[in-house]
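Heads up, the next two complexes both have chain A, just with different partners, chain B and then chain C.
Let's turn to the complex of A and B:
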């Protein structure tokens, strides 16, 4: 095993042992402040079995995941085309960029009260704020990606009289795809942050709801379970996006290698 | 082919875009399609902003709320920089520390900063301590990561040269490693200021009794859309000012380095 991995495991193991020692054996950490491993486990059993904050763990996870995926996909399907358009047409860029410049400094989380006013505490408000938080990085990175395409490549495609639709699908999108994926990774992170915040402000279900109820009940074990669930979901979806990226870009580099 | 357009044309188009956007907003608002309680016109938002400058809402005027927010932000951000930058640099210089801290850091990074809200409230209360911890949680990772990168990508030849000349190690750190890492550290600070500012807003929406986020939540509870929008404008303006200030620092440092070489 490489040294790095060994030390990594050793560190995690040490931290877990320390946690057990400090919270249970020596009882230095008061259980009202931070849960012991046993309390965390019992909170996990509690939320998976009887349920907590309006449903069981799977229901909360499913709903949070569903909202993030919907908002994120919605942002991709609106943000990437807009980015492509702004990268491609100087006119579109000149028209749209100033609007972006005034909206962009407003952090996505600041839209939450407005979304609640407009759409209430249900799914629609969450999808709106997730869409908004994921939209901006998608647009900006796609736009930068198009701008970074080699000019000779564009000129060659133009010279050969490539039909517009093929030009978009075979030159613009593949050329910009490394940057598009950078944007999507940022969008995904922003989506999770926004969802958790929106659910903490007010929701009927979801991981943020679990965190919120646990905070009111002063239930540290459940808070930790909620945080671990958020971390695992964030990590899992990032990995999933990484798999998609690897496949998409493998095709891309293969295509480039075949050409040149 | 990408057609270049003249500066005048791009300015005209930009104005058309902005006027179109604000006009559409105004039009929708006065058209009566949506009740004006929910979609105030740009003028109403502007008026509300001006009113909030010296009339109290949710316990304070807008500048007073902003000052409360900014104070929390400054503490959280400075704390993140003071702890994060040295940690990142040390991780970059000492491999063992890197190998010990990285797995923990990577595991914690996937917890959205906002998910710390319940523990922050439990440990430090909802006054000033809790929000500072959330800002810290948002601003800390970019400080560490960029300081780490800065330290990792120092030209090894410079270190070798310094070692060969028998430079004592504290001077190597101060005169070789640190200056080479500065650009990366500064860009990390810009990212972390942005994330910290956003985390502050989130924290104040959930747990706070003062600050712009709190003012917006109160506006929302009282169905005052114009107050919420005025809050958004204020947050955007301060965020923009913050980013411009750090960008200026970045540019000054870059220029100085350019002159040095």
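Let's turn to the complex of A and C:
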């Protein structure tokens, strides 16, 4: 096991021991404020078995994950092409950029009320808000990625007489891809943030819903279970994206390493 | 065919009234399968000349044409070798060389044949599956030259192609380019600020003035090369020792030094 991983496990273990000491053994933290490990465990058993907040844990996780993935994919498939277009065409940039300048400062969460007003408490409103929050980093980073492609490389492509579609798929997209993936990572983070917030405001299922109900029930153990669930899901999806990135950018990581 | 012609060509960057006059009244003809080098002080607009033939920059005045057709846009009939190689780092050596042929809709078996031939010629066969970053600068520029040559272009444009290489690699590449150019002649426009390189490689050398760049003098190297039989010497240093070579080189140096002096005066 690499040294870093060993240290990581040691840190987590220490935090767990400290938690146990402070909450249970020494009882410094009152359990109404922060749950003990035992309380958290029982909350986990509760939500996994009988269910809580309208469903069991798998159901909540499944719903949250589904919405994030849908909103995120929707954002990629709209944001990346738009970023490519803006990076490529000065005219498109001139046309679209002003809209961006107006919309960008509005925090994605501020769209939640409007989304619920339009689309109700169901999935559609949440997908819309997630799409909104994930869309902006996708567009901006893709745009910057295209702009960062070396000028001679583009000229080499013109010189080789690339047909338009091939130019996009074999030069523009790979050339911008390191930045595109940076954008996707930011988009994914934004997706989770927005999802939990949207579910807190109103939802029938989902981890945000669990958190919201647990807060109303004054149930710290369940709040912590919800938070840990979001952390694990966020980590897992980021890892999955990382695997895709490592595969897609194999040439780039190696190129960076070669440069030193 | 591949006759490159500059007819009363001028280039102004910015507006005609207040812009920077880069080139003025350039007249030069590069005959079919002739190797012409342009040397000049830095900033004299020699690269701009090449970029106009490539179709990357329009001429402000006059006409740049190939075989009588004014140049409108870049294209594979005028292959470019860039100073910074400009290979696609996400494509292997083979894929980099293949790309232009695919764009020309050459059939797969023919592409394979032509790429294998150029890989052999450039000593790159063992590196076909490598990515550019796995190769040294000299090897990368070999790939870029192969990418240009494989298109079988009428016109080959080389913009200080060895400028980014170390001195020893540069010499090897110069020798290889001479080999390639004699075996497989093209109309070549070669931009450099290295005088020896120009004399060693070119049939004619055009000397440019400082900005606004004009062509000051065109020297016929080929007739001297043939008369003195330079190509019988395999190594560049042997050629560079010949009296006729030294004479030409000194002549160009003096001419360029006058430009420097004019600049400081």
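Everything that follows uses one rule, which is that the second predicted complex is superposed on the first by the 240 of 260 C-alpha atoms of A that agree within 3 Å, B and C clash if a C-alpha of one lies under 4 Å from a C-alpha of the other, contacts with A are read in each partner's own complex, and residues count from 1 in each chain.
To be clear about the criterion, a residue touches a chain if its C-beta (ideal position, glycine included) is under 8 Å from a C-beta of that chain, and two chains touch if they have at least 3 such contacts.
Computed from a prediction, not measured in an experiment: that's the story for all the values here.
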item	value
First, second, both or neither for A:231, with chain B first and chain C second	first
First (chain B), second (chain C), both or neither touched by A:109	first
Touched partner set for A:174, first chain B, second chain C, both or neither	second
First (chain B), second (chain C), both or neither touched by A:41	neither
First, second, both or neither for A:96, with chain B first and chain C second	first
Chain B versus chain C as contact partner of A:77, first or second or both or neither	neither
Which of chain B and chain C A:197 touches, first, second, both or neither	first
Which of chain B and chain C A:117 touches, first, second, both or neither	first
Contact breadth on chain A, by residue count: chain C or chain B	B
First (chain B), second (chain C), both or neither touched by A:7	first
On chain A, the residue positions that both chain B and chain C contact, one per complex	155, 158
Residues of chain B that touch chain A when the two form their complex	1-5, 9-11, 13-18, 21, 38, 96, 99-104, 107-108, 110-119, 121-123, 194, 197-199, 201-202, 205-206, 213, 216-217, 219-220, 223, 225, 228-229, 231-233, 235-237, 239-240, 243
Contacting residues of chain A [partner chain C, same complex]	150, 152-153, 155-156, 158-163, 166, 170-171, 174-175, 177, 251-252, 254-255, 258-259
For the chain A and chain B complex, residues of the former touching the latter	3-4, 7-9, 11-12, 15, 32-34, 88-91, 93-99, 102-103, 105-114, 116-118, 154-155, 158, 189, 192-193, 196-197, 200-201, 208, 211-212, 214-215, 218, 220, 223, 226-227, 230-232, 234-235, 238
Chain A-facing residues of chain C, complex	54-56, 73-76, 78-80, 82-84, 86-91, 99-100, 102-104, 131-134, 147, 151
